[in-house]
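The first chain written gets the first letter, and so on, giving A, B, C and D; residue counts start at 1 in each chain.
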Amino acid sequence: MLAEAIFFSAVLFTIGVIGVLTRRNAIIIFMCVELMLNAVNLSFVAFARAYGVAGQVFVFFVMTVAAAEAAVGLAIIIAMFRHKQTVNLQNINILKG
Amino acid sequence: MLLQHEVSAAAHPLAGTVVEWLWLLPLLPLLGFVINGLLSLVPATVLGPGDPDMAHGADGAHGEAGHGVAVHAHETADEHGAHGDDHHPVVRHRFAWLASIVGPAVLAIAFGLAVAMFFAMRGAGGGEMHAPFVQRYFSWMPAGTFHLDAAFQLDQLSMLMVLVITGVGTLIHLFSIGYMQDDPGYPRFFAYLNLFVAFMLVLVLGANYPVLFVGWEGVGLCSYLLIGFWFSEKANADAGKKAFIVNRIGDFGLLIAMFLLFANLGTLDFVAVNENVTRLAFGGPLITTICLFMFLGCTGKSAQIPLYIWLPDAMAGPTPVSALIHAATMVTAGVYLIARSSVLFSMAPVAGLTVTVIGALTAIFAATIGLKQWDIKKVLAYSTVSQLGYMFMGVGSGAYVAGVFHLATHAFFKALLFLGSGSVIFAMHAAYHHTGSHEDAQDMRNMGGLAPYMRVTWILMWIATLAIAGVPFFAGFFSKDEILGSLFLRAHDSTLADARWLGIPGSAVLYGAYALGLAAALLTAIYMTRMMIYTFHGPNRTGEKERDHLHEAPWIMTGPLVVLGILSAVGGWLNLPAITSFLGPVGALDRWLEPVVGESALRVTNGVAPEATHSTELALVGGAVAIALLGIIIAAVRLKPARLVPKAQSPEEHGIERVLANKYYVDEAYDRVVVEPTVGLSRGVLWKGIDQGIIDNVLVNGSARLARGFSSLGSWVQSGQIGTYAWVLVIGVLAVLGAFTIR
Amino acid sequence: MREFLDSIGYDSWVLLALLVIPALAAMGIWVHGAMLGDNDARDRASGTPRQIALWAFIIEFVVSLGLWWSYDPSTAAMQATLDLTWIPSWGVRFALGIDGISLMMVLLTTFLMPLAVLGSWTSIRIKRHSYYALLLLLTTGMLGVFVARDLFLFYVMWEMMLVPMYFIIGIWGGERRIYATMKFFIYTMVGSLLMLVAIVYLGIKAGGGTGPNFAYDAVQRMAGSGGMTSLFGAMVPASFLMFFAFALAFAIKVPMFPFHTWLPDAHVEAPTAGSVILAGIMLKMGTYGFLRFALPFFPDAAMHPAIRTTFLVLGTVGVLYGALVAMVQPDFKKLVAYSSVSHLGFVMLGIFALTTQSIQGALMIMINHGISTGALFLLIGMIYERRHTRELAAYGGIARVVPLFAALLTFVSLSSIGLPGTNGFVGEFLVLLGSFQTAPYLATFATMGVIFAAAYLLWAIQRIIFNRLDRAENEHIPDLNARELALMLPLVAVILWLGIYPAPVLRRMEASAQQLVTQVSGVAPAANVASAGNP
Amino acid sequence: MESYPLFYTFHFYLFGIIAVASAILFVTRKSPVSAAMWLVSTMFSLAALYVMLDAPFIGVIQVLVYAGAIMVVFLFVIMLLNLGQPSEIADVRSGGWRLVAGLVGLALLAEIFALTRAHSVPGLAIPRGTAAEAINSMGAVGMVAGPLFTTYLLPFEVTSVLLLAAVVGAVMIGKQRRAADAR
């Protein structure tokens, strides 16, 4: 089932990428990133069965990081919304150099 | 560490005698410098007696030059203005009494020591002692194959110089006690003067060129400090700076000469150089180059063409300084250097001729300028330049003893002349001071008829004038005559005569120099007589009120004058020519210096001592005497002191007189040709052009601008649109993965 | 003295201690500042950091002084060595050691630092905690550069001293401090990055396929045995490229004409201690680098006639150019900055002339310049504190008001001019004497520098302390106080000592200088005319 | 090629397809709320796939942490910011962009496939069923916990610090800046 799992993982990842590319809502883009992380997790798990349990441990770490990221990221979005009254990234360019 | 004797010194005949205390000679004045220097840092000055009678004739030092007066008052920290008032308070330093003990005392002790050494040396064989007494103290600069010791050496030449320096130095120190009495910088003055003597002694005692160079530059430093002693006046500070920088040009030459010596001989010790120099080709380009560079050093220190310009300006210093440094000792260092390096110069006839020519030209050139100066000290300054030219004629033509002889006699009579002029200025200023006048106390047009007021000074200065003019049986007569005579004798049958100088036969050059020397002697007699007549004779031009305040200087000043007067009168006994054998032993100095310069002198004259026939000698002497008397008579007859008017009412000069009064405009020419272009180039081209324009603006900030251009491009790309970033990122990922895929 | 030092195992810990003491003191100051909390409290307690810094530097100096006796001048080998593992996977070791060249630089640094603190005593008024902590860190970096025996460690220290200086100029500097400090930083960075590339290359080559090895000896062995290949299709020998990478970094630091324009700006804007350290110590890093790395590693490149002549000419040009430009500066600090260009030109001339005398002379000038120019900057700082201007035209005639200052200024200037009897002469004389044997014409030109040196400095001091006192605001300047006098006296003493009896210093350098000449020229120093002249 | 029971294969494909379909629906929904719900659906499907891939513990964690915790936070935020309004959700890029994005996606997919085929390393593979045996012997948790608390102990501890930092950071960023607002 390795090949199939990687197939699904790749498709999910690509969908996540397309989502990031086509959407402008910060929260949705954020969720797309979560989807990409999940897609990667899937391949980790699949590889773990084929090559050893370390993959699962890695998934564990990815999830932790994702949780942390969600917490901080959402806090940033809230702060940004409070400041700009929008989460539409087209209207936000505070990263301009 | 100090006084680590080298074993070989122990075998010297002078070992174990008083000469072992050689190191003490420069150390004594140095000690004086330290004590006086510390005193001078004590800021406190006390107000001396303000009573004009008490200060009568005693605060003359204020008016060194016209400008010196104002300066002085301002030196006291809390006194402003009110200078025009009649009785401003006299300012004396709190520790002046201590300085006036320490300053001359160290010199007197040093002189005593030197005399003791002289007798030790005579006792040890004097003229027969062939190796110098060398004392090595410590290794100064060990660097690879280069070994340089801090070492002193004493030989007959050094001994003579030490005696002159400490002897004349002591007298001038004593004179200064009176002259500088009321100067707030009194301890500072003695500190500098002591330091000068210390360096001067290092100069003449050094056992190798670098140690000599220490003294060489050290005396330059003291000269700088003393010329600018009244530094609050820009002209004085300028003069000091000019002296130092011009001297540095000369020092450059001396340095190069040292480098050449080391590169080719591998040593800089006098003894070793003299032993090894014969390895170089006689008269070759190398030895000539070395000597010419060395002579460049001498032209700086001894004020010869083209570097003489600093010496007349140096008269901005206090008069004792002019006497000690700018007449008797420091300026003769160049003569000493050539005598010291006589072996080198005797190997290079072309260089010797160059020295002679430059000396002759300087002698006549300065003498013509001296004809038209009104400042009494300027007359003496140009006279010094001219007399130094004589000395160089002597040492250049291989008559080393004659040059050194003139050095010694000149030290006596020129010191006397300067101190005498100091005494005059002192009196003049005291007079002007009492009446609150601001006239120039140094201008001869303001003097006249001073003889009745200052008898001692008058008589003594006449002695010195006769000496410098070359009137028989005064000191200058013998020494000047010897120089001219040896020029004449060496014009045939000597290495110099056989050499060619810029294509001209050497003998022609020497005859020419002899002629110039005679002409300069005539001019010397004229301008010196002129100075005496304008100063002491004719009607008095100081003014009615001032006349009452003219007084002779105190004994502390006249005392040294008397001693110098005696020396000027009898100094010729040092080295009597054969023709005057009835006066005493002939050629004492010749014999004394024979171990040092004898070999070199013989090399110049092809191994035979030049002997003039009795008739030739008589003719030469007769000619010189005639010229001296002629000069005095011309001056006495032609000059009309009665027609002179004080400086303030004097008309402008015209024509050649004006050119002479303005010293041929040489200073102006140097300014235009050397100084201004250098400064202009530095500012306009180097600094503003290359430094700020090209390097900084174009290259450095240019690359900064370029970088800024690139970064503004980058900044434009950073739009802040995260969507765009995502696109760029994904395309980047595609590209990277694509690269892997295709491979 | 030796026995005592041996009994406490001095050699084994001294270099480490020298690096650690300032760092610890910096930490102490930082902790002190942090404990005080807010800025007001820090400003009130501002006397403490300078006390800590002063005592740390005095201890540092005393500790370093033992090196004077423990150093064995008879050998050129590295002494007081220490070799610890640092980053094993990169082949980086914490290796320290000194030879005659480093020894003098270390002592110069530890000598100048307490004086720099005293010079900042009252002139630094804001953020004193940070200031003194940075000074201390800077010292660790500078000493590290001089004692590192591992190229990687050297580079780390090289950059480590850059950062504190950046802040010292940037925070406590004058009006255009940001421009100056950026210029200083970027200029230096440009050079040192290329050097980093070269160091990495050398380290990898020296490792010989078993991972990099940055040890100095290993690199030198590799370079000496032709371990470098050609780069860019055999067009350029690698050693030439490496030499250029090093030389650029060092030439900028020296600063050698035409890479000198950061120096005047940095000096003018830096606070007094910054100028002192910059001129006194940091400029020596460049020439030290040439002596320690660029020449011994790449003798074929450095001694290539074209390259050697270029450096000799640039050195000579630097001497004259620096002096001429200094002559027309209206700002005293700028004047001294350009005079540094001139002095360092002598050093470059001496290094590339490559005779024992010229190298020893160059080292002497490095020391002398540190002492004399450091003293000049301290004096400028003192008068600046009183009058808040460095324009020469704003002064005149103040010798009457401040005689002590005037005496010291004159004395220090004379030493900078190279008056015999002061330290300046010994260095210049040896450099010129040595250079004259291999490059007589250039040495002759460089000798003219002594004329211009007299011109610019004497003119400057005339405009400051001589002439008529014609400005009312100059009439009541207070003279030097006890602290200022106390900090100048050691400098005066050293100036005289090095001028009159420099032999102990020269002897300690001699073996190292001779070894360098031997290494680079490939032959033992010629038993030249000198020995032939003394039978 | 290994073979699996049809039942197993069927369910594997089923959950895979559900996951992909939910993901497609997730990216195409305009409303953030419904998008989030579809994402939850994807995650549940993935949890099922994990279980089938011999990782029951990860599957459980997936449900608990992702679907249960993280997504709930997302929903909270969406609601908190009141993003359900149509005006706020008209955020999709225009057709051209979408077309290009699709092409980029396809290209990415193609590259991933090409790379995974070219670079699979069969030599490293452990015998089939090793994971299942480990579950039997150590239990689902023990299998992960073993390496996690031995080999990977340090990263694990560091992760806890990371979480702590995230919590502090989130609180600090999300906190009302009273001082700033007052200004």
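Definition applied: a contact is a pair of C-beta atoms (placed from the backbone, for glycine too) under 8 Å apart; a residue touches a chain by one contact, two chains touch by 3 or more.
Just so we're clear, the structure is a prediction, and the values are computed from it rather than from any experiment.
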Least hop count linking subunit A to subunit C through chains in contact: 2
Subunit C to subunit D, fewest steps along touching chains: 2
A-B compared against B-C, more contacting pairs: B-C
Between subunit B and subunit A, distance of the C-alpha-averaged centres to the nearest whole Å: 91
Euclidean distance of C-alpha centroids - subunit B vs subunit C, Å: 38
Length of the line joining the C-alpha centres of subunit B and subunit D, rounded to whole Å: 96
Cα-centroid distance, subunit A relative to subunit D, in whole angstrom: 7
Sequence positions of subunit B contacting 2 or more other chains: 723, 730
Numbers and ranges of subunit D residues touching at least 2 other chains: 93, 104, 108, 112
Chains grouped in pairs wherever the two touch, ordered by label: A-B, A-D, B-C, B-D
Subunit B-facing residues of subunit D, complex: 93, 104, 107-108, 111-112, 114-115, 118
Of all residues in subunit B, those that touch subunit D in their complex: 723, 730-731, 733-734, 737-738, 740-741
Contact set on subunit C toward subunit B in their complex: 183, 186-187, 258, 260-262, 321, 324-325, 327-329, 355-357, 360-361, 397, 399-401, 403-404, 407, 410, 414, 419-421, 425-426, 429-430, 432-434, 436-437, 440, 443-444, 447-448, 450-451, 454-455, 458-459, 462, 465-469, 479, 500-503, 506-507, 510, 513-514, 517, 525, 527-534
Touching residues (chain side subunit D, partner subunit A) in the complex: 2, 4, 8-9, 12-13, 16, 19-20, 23-24, 26-27, 32, 35-36, 39, 42-43, 46, 49-50, 52-55, 57-58, 61-62, 65-66, 69-70, 73-74, 77-78, 80-81, 83, 88-89, 91-93, 97-98, 101-102, 104-106, 108-109, 112-113, 116, 124-126, 131, 134, 143-144, 146-148, 151-152, 155-156, 159, 162-163, 165-167, 169-171, 173-174
Subunit B residues within the subunit A interface of the complex: 714-715, 717-723, 725-727, 730
